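Have a look at these structures, which come just after this line.
In the two assemblies presented below, chain A is common to both, partnered first by chain B and then by chain C.
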Partner chain A sequence: MSNNRGVIRFIARRLALGLFTLFVVSLVVFAATQLLPSDPAQAILGRDANAVSVAALRTKLGLNHTAFYQYTHWLKGMLSGNPGDSFNAQIPILSYISDRVVNSLFLLFLASVVSIPMSLWFGAYSARKRDTLFDNVTSNTMLALASLPEFVVGIILVLVFSLRVWHLLPAVSTIDIHKGPWSDMKGMVLPTATLVIGAVPYISRVVRASMIEVLESDYVEMARLKGAPEKVVLWRHALPNALGPVFQVIALNIAYFAAGVIVVEALFNYQGIGGALRDSVRVRDIPVIQFLVMVLAAVYVVTNLAADLATVLVTPRLRTRMR
Partner chain B sequence: MDNALTITNLRIEVAGSGFDIIDDVNLRIAPGEVLGLVGESGSGKTTVGLAVLGHARRGVKLAGGDVMIGDAAMLALGDVALRQARGRLVTYVPQDPSTALNPALRIQKQLIEVLEFHNFGGSDKARQERVVQVMSEVLLPSTPEFLRRYPHQLSGGQQQRVGLAMAFACRPSVIVLDEPTTGLDVSTQAHVLATVRDLCRAHKVAALYVTHDLAVVANLADRVAVMYAGRIVEQGTAAELFFNPSHPYTRHLIAAAPDMSTDREMVGLRGRAPGPGRRPVGCSFAPRCELATADCRAEFPAEREAGPGRLVRCIRPFEIPQSTQHVAVHSSPIAASATHALMVRDVCASYTGHEVVHNVDLHVDRGECLALVGESGSGKTTLSRSIGGLHREWTGEISLGSERLARSARDRSTAQRLRIQYVFQNPYSSLQPRRTVGDSVARPLIIGGVGKTEANRKVGEMLERVALTASYANRFPDQLSGGERQRVAIARALVSRPEVLVCDEVTSALDVLVQASIVELLSELRRDLGLAMLFVTHNLPLVASIADQVAVLADGKLVESGPTEKVLRHPEAEYTKRLIADTPQIAAAVET
Partner chain C sequence: MTAADVTAADPGTTPEVASRKPPGVIRVAYRMWRTRVGTLIVALLAAIALFGHLIAPYGERDAVGLPFTPAGKTRKHTIFGSAKVGHDVWTRFLYGGKPILIAAVLATVLALVLGTLVGLVAAYNRGKLDDVLMRTMDVILALPQIISALIVISMFGATTILIILTVGISTVPRIARVTRGAAISVVERDFVAAAESLGESRFRILRSELLPNIAAPLLVEANLRLTFSIGLISGIAFLGFTPDPGAANWGLMINENRQGVLGQNPWGVILPVIAIAMLTIGTGLVGDGLSRAAAGIDRSKGGDL
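For the complex of A and B:
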């Protein structure tokens, strides 16, 4: 069907654009790391290292090549699935960092899986019960939570659930990096909760506003006047039309999680990319920094693409225009 | 015969305050009968229409009385029973089908779900067949391809027919139509109205037709009820009510309605209907009624017989307010000079390369009004925007007096821009909301280099001239009614004493009484100031009361032009003939 072809062409175009975005990001990241003060070789060997060994290390790390050569070499490596070796650990980046990437992505995944349905439910229910006690209480609570930074929320959670009030959950994450984060689900609760508390207020506010607008629309009134049961009114007539703006906010929030994990990981000593990024910046481990930034950029691009696609799929007016 | 719908003592309030929106409304409709419910916006006619389905919008409370459909008391039904009655026993056709159809669902789904909610037909197959059948009843194709479309893939007329199909699908006994032809072209409107009439007759459906358009009601309805400030002030058969109205308000409504078959001018009525909580003790029309006496202000007149089958709420029925007896004053253009005030020669206008106006020639003289008439999509707004310099993609020649104008307003001199002024369709969006009326009206003067004190004086004068007071200068647009805003927009256009005034559908967002007073004002200003006026409209009857000359535009081409009288009485182009035939008229309906 022509519609499907249109949608496929849309995806292809957006994917190409996404790749282009990543390419631009790679240029910016490379340029930025080149501008970092101090020499990686010096940083690795320490202030007292002699000039000869620093020079040797520079050669070994490939720092004597032109910036253009270094960039194309790095890009080639990224594209062929071998982003190079860590300066600091002297082992391939993937084996050094992949466990941490998995840990962070798992945290991000858990936070999304919990916060999205929760926000949809809170938002939709508040919209239906707008201006009631329930709506007022949730709105104000959400506003209060949204105004607290994650590290404060995290500290409060730790105080309440692990140190002062109850001793239910571990205050720090103790996952075995080789077994994967799912081996210690109890340790996942507080980091996930911290992210969820940061995200739910935003998403649910948008869901509520979008839902209220749709519930006031002529077609929802019309559905009621046609004798539609309230369930059908909500799920068939209202919700699909309210989702468009919600997808965009969800994408923004997932992107925000990707950055938010850095703070949360530090707070709970969670073995993820946040810690790795911090360490790499300290020791000028340029290949690792570059790799991690590219991973974060890829998360942004993919979630935004997914949100645009989802919006198109629930909006026939957009879908049918793609011929 | 038993009535299909009986409304008794209906009272509807503003939730929480106890102020009445609707009070003491009594109506009955027999099977197969069409009752027209007429009133200005805010009169409560839609609220009554929705109450028939047992529905009240947010902030509105159904406070008392009965709505009986057969033996179902709509206001006393529980949730489930009410849901079963809606869409089955009584159905609703909304005002604007483009917003009332769900944009995310195919029309097939929206049609079949009504049948499913009410288990109509018993099986999926029977329901599919009913959908096909009802689509042909409303004269739409019922091919799978058509049924799979989404609402935005249909034209406005088709959308409204889908609305009708949904309403007739379950064979209801009562149908409420809420201004279903607003926004449709006259030819589409004529076809939709014919469909409504035929279906109601054929299936013995009682119809409550809510509208502000008297001409439509005169042609469609068997009986008419007139609403004012939440009460029915008069009801009777359509023929009698229009031929000899008994309530002064009805008389004003008829006097305000544009009609191309008579020679009279439209007569407006100042003031507003009082809203809930502001209604006087006595007759709520008394403050605007020139016949009002002390008795009228003492208590609201009870409903009384005014002839067989006629009811009126007035203690002086059939008396005629002097102001509705206005005699036509036809203006003639000021002695023609060598050059036309505005001349359009061989103009073609396009949108992104696609030509929508083809080789149009027009001219307007000083003191003359040329009506540019056309249906939506005819290119009339594009042409007028080209003249105003708001649309730049055109070729040809547009001259103001002896000066040829540049394409875009930006490239025209300040003096040229001030000599040609524009009034927009929608007074709700054409005034900058954060600026006071005085600031908005003064803008053209300030741009023209007039000093502040002088500008203020002229603004005050101009506001008086458009029948507002100078004190309006300090108000903001949101403190004004639609009619007042349009007066402000006119004041802003005229304050720099332009030679040419372009009015783009300036009354289409306004109620009929307000429309009449705006038209009166424009005619008067044109006479007094010697303006050349280009009046763009889709409303043919309106043309009769305002224009000296008419130009008819169809698909971007000028199909006919000439003196108003000649074009309306003896049209030559097929298109004009059809347009006139499709336009509902009060006088014609009453005579037959």
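For the complex of A and C:
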């Protein structure tokens, strides 16, 4: 009974914190327009535009209203699915972005499908084989890979697999906008590989650490003593108990991808939202920047929230001992 | 560099713990080959980044021939051929590390100072102040660092100071969390109560009682953050955002010379890629050595792993 109330209080607290965080992020992001050194209308039309058309555009953009009105207006637009027009492309943000969202989601999907099982396997297996040659080689390799920025990893892959050593894979992706990203699977390989190589070392180290802790615990000892085969001990007894942190790691993983796509998409000229954010920053297309940042922040906050809840639900002792 | 600062900060006001622990970690770390090799690599790359321009054959913006020409075919003599706009690859390489390394070190130092302060204050005061501080940290953490950086750049442009401030401040919560986590158990110890009853000032307690006792995890975290800052700052440059688009910069070099790889001269990409890779792996190795030493993993083996 009181246990249930504890869980609900916990969820409510986390939800409130998540919403508050998004609110603060929205304030910061909105401040971007207010702090802009130049007038947005002037910036769109260029320096030579005449005063009349600048004034007309100012009215159209709502720049004559108070900051508070502009903020609530903008927020309303974001929440109702009508975030406004791109300064640069002069079309609604959603139609500018929608194909790119699909492309990015497909890239994230491929990267997650490869990286999550891979990091679980590497982490669990090297914990099992702790201090053997396998463990030493993998953890040293993972350490080196974890230190490398993702654009360096990507460039090395490009040099090796498409430009200098072998000519197997394309160095840039060319997606047919009408067919979707799956039309160019060959072009997906290197962007996916870059994200996977960025994420796996990081996640598998966390998995390894929590597996080692579990493998040294009493109930695993007990399972061994009662004669369960090593395989059963590892997968049935140990792994489920190492899963709590793993959920958090998956969330971190998605968050990592949310940031990683910016560089990776720019590197491979991949038509996704990460590349779009880079391009918008270049031309100071403020509405698009605001929209994309809010989307990425929301993804991050929601995945973290989901991870926290999942952790609580799979870990019995957390369910009873909640603040 | 930052390592020495932290450990040298306090030579031991609380005799038995404070004076032994931090130097212990470093000494143990340097028994391991990974720490030594890492330090060697970092020293080499730092030397190239900081003093390389002194031995550069040409000026940073001098043209030596047509763009992307391999060595031997350029108008003037070159070792690695020419880069974009006909610059000398070797010269650009020798110039291009400085902006990244200096910005990364300054951002890390800034984050270390502010993060340690926030973490210590939160751990020592607990209660409301702790809540407010750590929730603020959570909000900063809600944005991936590269996105914070891009927001700031879109507003004010990519000036050096702004990049340092943004990377530094977005790193603060990561250091504050580690500091707070390590300091919370120290706050409960007797010598802190003793210092309180002697009427020591709050600042003195934070600096002389708490700080020396959390130096080991702080050292590890600072190193990790330095590695990430190097990657982040060179990544921002790779995206095309640098204070001066005409100046040499390893991250920018990789981006602008990519078309040269398709053509005839890959060195404009290969050299900076090797440099950034070695620099980050080097700091990663030092960090790994430090964290192994802090965790006491290799204490028994004497470090021939």
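Everything that follows uses one rule, which is that the second predicted complex is superposed on the first by the 296 of 323 C-alpha atoms of A that agree within 3 Å, B and C clash if a C-alpha of one lies under 4 Å from a C-alpha of the other, contacts with A are read in each partner's own complex, and residues count from 1 in each chain.
The rule is simple: a contact is a pair of C-beta atoms (placed from the backbone, for glycine too) under 8 Å apart; a residue touches a chain by one contact, two chains touch by 3 or more.
Predicted model only: the values in this text are computed from it and were never measured.
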First (chain B), second (chain C), both or neither touched by A:Ala306: neither
Chain B versus chain C as contact partner of A:Ala49, first or second or both or neither: neither
When both partners are placed on the shared chain, which of chain B and chain C touches more of chain A: C
Touching partner for A:Ile155 - first (chain B), second (chain C), both, neither: second
Which of chain B and chain C A:His237 touches, first, second, both or neither: first
First, second, both or neither for A:Arg278, with chain B first and chain C second: second
Touching partner for A:Ala223 - first (chain B), second (chain C), both, neither: first
Overlapping contact positions on chain A, where the chain C interface meets the chain B interface: none
Interfacial residue positions of chain C with respect to chain A in the complex: 135, 138-139, 142-147, 150-151, 153-156, 227, 230-232, 234-235, 238-241, 251, 254, 258, 261-262, 266, 269-270, 273, 276-277, 280-281, 283-285, 288, 305
Residues of chain B touching chain A in the complex: 50, 53, 55, 57-58, 83-88, 91-92, 94, 96, 99-105, 113-114, 117-118, 150, 152-153, 166
Chain C-facing residues of chain A, complex: 17, 20-22, 24-25, 28-29, 32, 35-37, 136, 143-144, 146-152, 155-156, 158-159, 163-164, 171, 255-256, 258-259, 262-263, 266-267, 277-278, 280-282, 284, 286, 289, 293, 296-297, 300-301
Residues of chain A defined as touching chain B within the complex: 216-219, 221-229, 232, 236-237, 240-241, 314-317, 320
